[in-house]
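Take a look at the structures below.
Shared between the two complexes below is chain A, which pairs with chain B and chain C, respectively.
For the complex of A and B:
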């Protein structure tokens, strides 16, 4: 056992030395702090809303949204697939609970009055923050992923502070979450495919050379840039991520409540 | 050595120490939940590394948002002069969500593990499996 600890300590030190060597000597970043911008980041910043290059721009004044859904759009699409696969894998382990109606919990009120009052305020603030992050993703930092991950705090708070029965009474049910999540993925595919079917390219949100599309998503909504389809993609991604995490957290709360009441499953 | 460089070095040393502690927990602690916690610590440390890679040591530094919605070349070049690198935050955004979903999958699996074996201690589970296979023979 002593030898095992010694070998573990030495190997962890070797790994840390490797990381430090890569950071400093191989020049990823490391202690000599960078002052110049990398060429790749500079290209993205230059082309993202440049009016002189209409075929290279993404129409988004925020660089992260432009890279996420325009320049590296297929990458993001497949990362959404990874998210869906992981959540589906987690849900499939407990698929028996998925179509079972929630029993009325014996704990009606949840935690104490102070915790419930504070979390009532926090839940509303979280809802507003999540919607703001998702809806203004093409203008400010944020976007669908971040908004959905912020929204996932709400079911966690509802299940922990109140009870799973109360969360389902408010409408955070597993059936609704599953429906939201699946229909959001279908809508995402529709938004991606529609320009291709009308003579353009997949993921197209701007007029591009060679594309004879008759349909382009709106660029402005009352002088506020929508970034082509970036606004819709961010909104759909918000619903997809929120639905996926709500589904898994509600299922987690259901499993623990059944186990607490000594139910046999 | 300027004061900023001292702080910069300090942050990187903390990142290395954080990774070391999390690796120790991942390898040496027997409980599954502690392993999951250490995994998330490693993931969050890598997000911090990504955020630091995008940073620049320059005084008037702005986010990667342009406020002028129909810019000319001068506005764009002055914006590029002051902006941070947008690519590392992009990688971080997707990595955060994927990390969260993988953590949820691991938590579900560990609940299943507890239902089957009655414990979350990996060493005890290994002992149980060994004794079971011996008794089956």
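For the complex of A and C:
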């Protein structure tokens, strides 16, 4: 039995290698991927922060953030909305639990002392990492979604290592998460609409031909590039994603603890 | 020179990830399975880093190692820990 499974694994590996070889080296699905920079990528890198082309730049040294929130910003907006709809759908299933007050848990201390002590350090490190990823999204790889997803690890750890009662005592409540999630999405829409109301285009970051906006988002904060509206969009996205994941995990932990205590509805 | 080094590292990491999946499939303890899944995600994160996509790496670590692992732990908490044959 063990030998048979080993042979199966090796044959799967050989088939995978064969497919990869046929795709990349032999190029059965078209020409192989170029190793040099593609023409489109070259254009993005050239115009991104180039002061000689004021109508094409995004003012962000980070190409991915510039593309995500400026060149194809609407795509990211709808991505955020899809996540919002998914979380709302998941919450709707458990709507009976949403506005129910949390019972004070009898086990306030959760897992063992070792796990709790390690988690204390990890939670602070996660907080710093999440904020750094979200706030410097216009400078280094990262951004709002990544920062928010990293932030969501904190309530998960609190619920798993301590208890749901402790997490709620620290302020990670489902009502607050829902409020944060919804207000972040509304704020996102405000940031998108404001340039239009000022005479520019919807979702406008830097000057564009034909738009006579009276105000553009700041490009620098004391010599640190802000990327115009990219900084604010990343910040709002961080709160939106953090709120969404926190809501779903607190609800999940709550349902688990309610069922454990025999309080099945 | 660096291309060869990259390819060697990539194949080592992907091979390790394949071994992890092999161990995962034949594991009976569901919690150990979750840990192996997180280890496999870590190997994939290294592979993505070698393939020069730092943005994807960061999102992948947060989701695959953090959130996905926690979600599976919630699921295991609601069922039995050991898989019956």
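We take it that the second predicted complex is superposed on the first by the 231 of 265 C-alpha atoms of A that agree within 3 Å, B and C clash if a C-alpha of one lies under 4 Å from a C-alpha of the other, contacts with A are read in each partner's own complex, and residues count from 1 in each chain.
Everything that follows uses one rule, which is that a residue touches a chain if its C-beta (ideal position, glycine included) is under 8 Å from a C-beta of that chain, and two chains touch if they have at least 3 such contacts.
A quick note: this is a predicted structure, and the numbers were derived from the prediction, not measured.
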Legend entry - Winner by number of chain A residues touched, once chain B and chain C are compared: B
Inset, instruction - Have a look at where A:141 lands relative to chain B and chain C in the superposition and call it first, second, both or neither. - result: both
Inset, instruction - With the two complexes superposed on chain A, say which partner A:231 touches: chain B (first), chain C (second), both, or neither. - result: neither
Inset, instruction - Using the touch definition from the top, say if A:5 reaches chain B (first), chain C (second), both or neither. - result: both
Legend entry - Which superposed partner A:52 touches (first chain B, second chain C, both, neither): first
Inset, instruction - For A:37, decide between first (touching chain B), second (touching chain C), both and neither. - result: first
Legend entry - Contacts of A:133 with chain B and chain C, given as first, second, both or neither: second
Inset, instruction - Once the structures are superposed on A, label A:19 by its partner contacts, choosing first (chain B), second (chain C), both or neither. - result: first
Inset, instruction - Determine, under the contact definition given at the top, whether A:253 touches first (chain B), second (chain C), both, or neither. - result: second
Inset, instruction - Please work out whether A:239 is in contact with chain B alone, chain C alone, both, or neither, and reply first, second, both or neither. - result: neither
Legend entry - Intersection of the chain A residues that touch chain B with those that touch chain C: 5, 9, 13, 64, 141, 143, 145-146, 149, 152, 245, 252
Legend entry - Contact set on chain C toward chain A in their complex: 18, 22, 25-26, 54-55, 57-59, 62-63, 66-67, 70-71, 73-74, 77-78
Legend entry - Residue ranges of chain B in contact with chain A within the complex: 4-5, 8-9, 12, 16, 19-20, 23-24, 27-28, 49, 52-58, 63-67, 69-73, 76, 79-80, 83, 85-87, 89-90, 93-94, 96-98, 100-102, 104-105, 107-109, 111-112
Legend entry - Contact set on chain A toward chain C in their complex: 5, 9, 13, 64, 133, 141-143, 145-146, 149-150, 152-153, 156-157, 160, 245, 249, 252-253, 256, 259
Inset, instruction - Quick one: which bits of chain A touch chain B in the complex? Just the residue numbers, please. - result: 5, 8-9, 12-13, 15-16, 19-20, 23, 28-31, 33-38, 40-42, 44-46, 48-52, 61-64, 67-68, 72, 75-76, 79, 82-83, 86-87, 89-91, 93-94, 139-141, 143, 145-146, 148-149, 152, 225, 241, 244-245, 248, 252, 255
